Each structure stands twice: as structure tokens, then as C-alpha cells.
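Next come two complexes, and both contain chain A; in the first it sits with chain B, in the second with chain C.
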Partner chain A sequence: MLKNGVLKMKNEEQIKKDIETTFGELVKVHIKRRHRIKVDAPKNMTLPILAYLKQRGFHQFTLLTCVDWIKKGMFELVYNLYSLDYNVHVLVSTHINRENESMPTAINIYEMAFDYEREIHEMFGVEFEGHPRLGEFLLEDWKGMPPMRKDFDTRAYVEEKFNVKDLTKELFTRKEQPYRGPGSNG
Partner chain B sequence: MAKIRDFDYEYFIGPQHPGATGNMSYHVWAEGDTIIKIEPNLGYLHRGFEKLTELRHWIKNFPLILRICVPEPDINEVLYAMAIEELNEIDVPERAQYIRIIVLELARLSAYLLYFGGVAGTIGLYTVPQWTIGDRDYILDLFEELTGGRVYHIYQTIGGVRRDIPEGFKERVLKTVDYLEKRLKDYDNLFFQHPIFEKRAKGIGIVDKDAALRFSVTGPNLRAAGVNYDVRKKEPYLIYDRFQFDVPDMYKDGDTYSRVMQRRYEFEESIKIIRQAAADMPEGPVNIKIRNPFEYRVKEGSVYVKLESSKGEYGFYVVSDGGVKPYRLHVRGPSFSHGLQLVRHIAKGTNIADISMILFSLDVCPPDAER
Partner chain C sequence: MKLFNFSQSRSLWMMHFCTGCGAMEMPPTMTSRFDMERFGIIPMATPRQSDLLLITGYLTIKTLKRVVRAYEQMPTPRYVLGFGSCTINGGMYWDSYNVIKKLELYIPVDIYINGCMPRPEAIIDAFLKLREMIAKGEANAWKKYIENYEWYKKNQSEVFDVEKWSIKNEK
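== the complex of A and B ==
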């Protein structure tokens, strides 16, 4: 079993070594478990890493997601790439400032990033430089703060949008209608 | 991109069931009845699940998270539980894993039955959906007996399943899958060998191997393009490595016909897995005890878990800051890659009458793209 495990981790070790030798000390590579590698990269090295990995056979762009680390004042962008040959997911993570910092777009490397970047722009307010169409995606006529940010107050939004004065009172002390038998509700 | 001229037609397909199991609209520009440009328009089913999970305790998310996908809700529950178990390094009891396998495979069968009916419905073979929806109800009956709910089950929990299977349940599962296997012969006559279906579906909506890799296609759609890739084989989650089953590879054309037939043969493999799981299921506990669910904490860290759903690779990226609620949960639905960028590419040049069938054959499910 151990031997089997070591054999199967060969791909991961090889990719780790290759990324480290190509990109130097600024890039931190961890093998989290079998099939998963996490790469922590500075912003300016993220796209070169993506281009390098695509060339290595990581064709599948599984997802792009964003985590709002509000206490640190940072957004973490995670690019998840997958290779059918190596059977490994590489999660390339980079941090940018929450305010006034943009990220260059990845659509020239991975076409699939197109809609993910639109979504993250809408939900977190991250700007992607060079993206041709960052605009309305899921939400319609949304003008306030991007809703997936941690400081977006869902309760205040509901109170304002649906004109509820006191949420706890109006929702939980609604008057019960007397039951009038089956088929009589409403 | 082709230039849109003044005399080209402009259509809106949807948002009421454009050939996808949910509300989603496609804006289509056509020259005569040939599509020259298509643009998906999402947002009808955005319910903010990812934000809502951040506001609830870990355990309270189980009744919420499964509502992402109507045709196959169980994958959400299992994935969410798998993410917590991986972060907290919990060993799930054996019996619970076997029950999970049975639930997942029954859910796959029910999703495939819905799929067959849907594809047939889009080309006017309306008897097929009547039959498949009827047969799907036998699976829903099993779920009702097991969990109390027909569509949404809320059956999984951290470290196992909520309760043990009822007495005689295994026999009823086996009886139902026997019936479904027998029924496949009727479906062959009614649908899979139907000349109209063969004529309409062959050579339409081709996703070849290059396009499949370029647009991150996964699941049965990828296998129908000739890439033999299944998460259950390549990265066995739960205990899938203990079962004998094949991944069908007869179809390599990547057209609508291949995608449907791929699923028709995978249907048989799922039945094989259910039989083995029912036969090998050991006795024992089905969950672990959690002292106070509202004080339940998950270790700091991030994890990407994935499984093979009926639509393709379904994944959760979960981040925990060590608190009582998830810090971030990203749902990676297969429809995000199948329904947007891929459709923009393959729908060009097809006939407007085929677009619903192509969309349904890709199994585009807008809820898991929008969450």
C-alpha cells in the first residue's frame, strides 16, 4: 500500500520540482494530498505559471474563484487547473489588495476563464485588465456593493429592498390564520 | 464571429425551459434558420447559495446546499460532507459509505431517466418522457422510504448518513433495479433505436476531442468525445475502487447521439454498482456522534473535492477559518462549462430546430451554473 502510494505521488513530486526550478523561490508549492497541488504565487507570476502549466498539459480550467480575506484587506484568487494525463489538480493562488488593485485577465491563456472572470467581477468587484466584456452577468441592475464581499450586509439589504422595518418582528410574529379545513388555504 | 446583418433573425429561446432543466435564456441570431451567433443569458435562478452558506452553521447548511440542483440533489450533500470530512480528517463508517454509494447511484439513475425523457421530448417523441418519468417515480419511492423526502432528501450528515436503512430496503432496491434493467429493452425499442432519433441526433452538435479539452468538458459528454475519463475510476472517492464496473467507450463521435447512448450504457453500469453495494454492505454504525452541532468547528484550511455526477465533474472548493461557519464555499457545476462557452462554440451553424436537443443532450442545468 505504501509503495503504491509513493508510486502514485510521482506525478505530483515531478510537477512540484518543475515549477520550483522554473519559477524560483518566490513561488511556494505544496503537495496537499494525492491529486492536489497548491501553488502560492505573487501576482506578477500567476499568468506565467498558468501559461507554463497549460503547455505542460493542464488543459482543463476547472474553476476560478475568489476568497475575500477582509481582515487582511486581500482578495485571494484561486485558479484550479487539471491535467488528464497527470491526473492532478493544481490550485494556483494569488493575493491582491481589496481596493484599487486589478488582475490581468487569463482569457488569452484559458478561454474558459471568460465567464468566471465576469462572475468574480460582478460578485466581488475585482477588475480584470484586458477583459473585453466585464459587465452584467447574473445580477440585473445591481448598483450597490458587490454582494459576495464579506462586508455586504444581507439583512440590511433585505430590510431596504423589501421594505421590512424590523425583520425579527415582521417575519416571526406573523398572525396565524385559523385553519379552515383542506383546500381552503389562500 | 459572423457579422449580424439587418435582415438576420433574432430569437430569444427560453427562459421557460429552452431545452435545459431550468430557467435560462439564449439570445440567438439566425440567418434563415441557421444559427450564426448565440449568447447565453443567465440570472433567472441565481439564489445566492454561496453567500447563504457563509451565514449558517456547518450542519445547518445540509438542508440548504442540496437545493442547488433539482434533478440530482444528493451529490451536493455528499460533496459538502466529504469536504468537511477531509478537512477534519474524519473516518466515515463502512456501512455509511455503502449507503452513500447506493444513494448516489440511485440518484444517477433517476437523473438519467429524466435526461432520456428530456432529450426525447425535445424532438417530439413524447411517449418517452411519459415512461421515464413514471419509472423515475419508483426510484423516488425508494428515496421517500429511506429519507422521507422524494426529491430533496437531507439524508447525509457529517461523518455518515442520518439514519440506517429500513428493514427490507435492500430487497426493494434490488427489485427496482431489476425492473429498470428489464425496462431498458423497452426503451431500446421505443427510443434508442428509433429511426427518428437516429436521424435527428447523428452528426448534430459535435463536441470532438479537441473542443472537449479546450472547453473543459467533463463527465459523459467528455467520454462520448472519446476520452475515457471517469472520476470514479481516476480518483476514486468514497469506496468506488472496491466495485467492478466498466466505463463504456463504444461512442467516440461526440455528437448528440453518442452523448445519449453513452448515458444509456452507463445506466447499466450504475445498476451493477448498486447490486454489488447491496450485496457487500457490512453491519455497523452509520454515522459518528457529534457532541454539539452548533459548536461544531472545522479545521482551518481549504479543500477541493469533486465527484462524478450525472452531468460531469461536480466540485466544491471549501475554505474554513476554523470557525463555526464556512468561510467560503464555491460550487463548481459542470453546466458552467457546458452551458456557456461550449454552447457559444458548437451551436454556430446548427439548425434552430436542433438547439433544444443539443442543449438537453449536453445536460445543461442552469441552477448549478448560477447557484
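== the complex of A and C ==
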């Protein structure tokens, strides 16, 4: 942050103050840099904050992402909001347990969350309470552990699914030629 | 037969199955800069009217189901052209959970272009090579599919449910 006024963060500081006065000690607000604010919220405060920010001018729901903190046993859900009026991104982040914990859906506040929640349900297995259509989305006929979890072993899965003995060797060297049928010219 | 092969080689209607990054190289190849129509190759909308199937890059299992379906609808003789290293051995998706590794396990391929991504020059080169092969009567991978139908079906069934996704093959 420069002192001579080149980088003023008026909007950011105002928004930070507003959130803090509204929600008090319950949430932590950090100004990460210019145009970017991060809000750490507990699970039950996440939706109220989203609703508050929406009427505060954050009309654009950019993205919902999920991070798998496997050592802590937590999923971090990050709601990315953006406001054209202030030119500020707000990241609302919350943690839930990896196993047996669900998150209330945000589609009543931001309709855009619909598909993001479906995707995260499919890729990480997070349950969203009240979502009308969690289920098959991008993957088809997928059984077993969702593929984006950290404990999903991609190589073991590939070796089993595609019938490869040692992935690092076989696909690169191609020792064993695929079958050449009688109709082939080679 | 020679005449038939010759005529076949001069008029290829292709269906480009736009998967992966290779679809990006098709517009310059089709349009005026590289202009593949001078070789008698034109894009065609449906598999039932085309001779040549381009697989332009990586295939996920989900797409493979559709590709097999499209391939089985094409009239014989039919040719398949695999683009880029992804169709040869998985390319940079060699350890991806959802991308098939060797295209020729599932459908027979006449000719591959290597590179990641092949330039339009390489694509034109492959077309010319394929044309030569057809004229000489060498491009008969489609016969392999008919003769070794069970073998291909077995491979396909390892990655997806063939029963649910196949159409009756009229040979």
C-alpha cells in the first residue's frame, strides 16, 4: 500500500468496515490486496454474509470452488463474488468437515450457484442441502470415489480401468503393439 | 476396383469430431489460407454421409461412446484419422482418469498425425498420404473393424457399457 495516495483502497476499507460492523466478531475480514477481500466465515454465517453482500452491491457470483485440505480433514468452500460498482472481488471462505458434513445450498441467494454446486458435488462429494438436482453432471456412469479428492489415486485408477500394468513405463514405450488384424496392411 | 479407389481418394467427405485441442487447427485448414477443398475434402455434417472421421485430440470416455456410435453409422469404406499424441498414447493426459489412452484399441485408425498440436501443414500432409493410401487400396482399417468386431467390442466394454451404447451394426 503506497502512502502517497496512488493506491487508495477506499472501497475496500469501507466494505471491510461495513462487514465488521454488521457481523462483529463472527467473521474475519482481510484485505488481501487492492480489489481483493477475503472473508473467513464459519459455516452457519456463510449464507447470511452472501445475502448481505448481495444487497450491498455484489451482484455477480463468479465462481464457487472447493479445496481439499486432506491433512486437516476439511473442505474449504470459496464463494467468489464480484461487484462492478466497487470493482472489488470478495472471497467468502468457509470450512466443513470432509466426511459427513453438508452445506446449505446458496441457490436461493445466487441462482448461478446451481451448476457450481452440482459440479462440486460430483468432483468432491460435498452434499448441498436443499439443492434440487444434485446428481450426474459432467462425469457419466461414475462409480466410487469422486475424482478430485486428494485421496483419490489417479494412477491406480487408470492402471485398473485401462488395463495398464505400469503406467509410467507402458504408455511411453509401447513395447506391446496393439493387435493387428488380418485385414491390416502392416 | 482401381477406378473405384481412385475416385474414392479424390472425393473425401469428412466429419471432424471436434474433441480436444485439434479442433482449433481445423478452421485454418478448411478455409482460404490452407484450403483443403482443393484436395476434394469437404466437411460434412452427419456421419451417414461422410467417409472420413477425424478424431481431433483427446477423447474422454464419455465422448468415446458417441464416437463409436458415429463411427458405426458411417458407410464403408470409412477412414479414421487420429490427431496428435493424445490419440496415440494419451499424450499429456497419460495419467488422467477420464481420457482414453490408445484410440486404436477402440476403433481402427488408418493414419495418425503426431505432434501436440499438428499444424495445418501436417494435416494436409496426412490427407495427401491418406489419399495415396486409398488410391493404392491400402487404407482398409475399416475391414479390421468388421473382421475383429468382437475384439473391439471387448475393448470398448472394458471402459463403458457397450450394450447400452451400441446400435445394431449393419455390415
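In this text, the second predicted complex is superposed on the first by the 165 of 186 C-alpha atoms of A that agree within 3 Å, B and C clash if a C-alpha of one lies under 4 Å from a C-alpha of the other, contacts with A are read in each partner's own complex, and residues count from 1 in each chain.
Basically, a contact is a pair of C-beta atoms (placed from the backbone, for glycine too) under 8 Å apart; a residue touches a chain by one contact, two chains touch by 3 or more.
Given the structure is predicted, the values throughout are model-derived calculations rather than measurements.
Applying the stated contact rule after C-alpha superposition, one finds that A:K16 touches neither chain B nor chain C. Once chain A of one complex is fitted onto chain A of the other, the partner contacts of A:H131 are absent, as it touches neither chain B nor chain C.
After overlaying the two complexes on the shared chain, residue contacts for A:D68 are found with chain B alone; chain C is out of touch. Within the superposed three-chain model, A:F162 lies in touch with chain C and out of touch with chain B [touch as defined at top]. Once chain A of one complex is fitted onto chain A of the other, the partner contacts of A:T154 extend to both chain B and chain C.
By the touch criterion stated above, A:L139 is placed in contact with chain B and with chain C alike. Touch criterion not met for A:H95: it reaches neither chain B nor chain C. Once chain A of one complex is fitted onto chain A of the other, the partner contacts of A:H121 are absent, as it touches neither chain B nor chain C.
Within the superposed three-chain arrangement, the count of touched residues of chain A is higher for B, of the candidates chain B and chain C.
The contact surfaces that chain B and chain C form on chain A in the two complexes overlap at residues 139-140, 147, 152, 154.
Listing the residues of chain C that touch chain A in their complex gives 61-62, 65, 89-90, 94-98, 100-102, 104-105, 108, 138-141, 143-144, 146-148, 151, 158-161. Residue ranges of chain A in contact with chain C, taken from their complex: 139-141, 147, 152, 154-155, 157-158, 161-164, 167, 171-172, 174, 178-185.
Residues 32, 34-36, 38, 59-63, 65, 67-68, 78, 80, 84, 87, 89, 91, 111-112, 114-116, 137-140, 147-148, 150, 152, 154 of chain A touch chain B in their complex. Chain contact summary for the complex, chain B toward chain A: residues 42-43, 46, 48, 50-51, 54-55, 213-216, 218, 227, 229, 234-235, 302-304, 313, 315, 317, 319, 327-328, 330, 332, 336-337, 340-341, 370.
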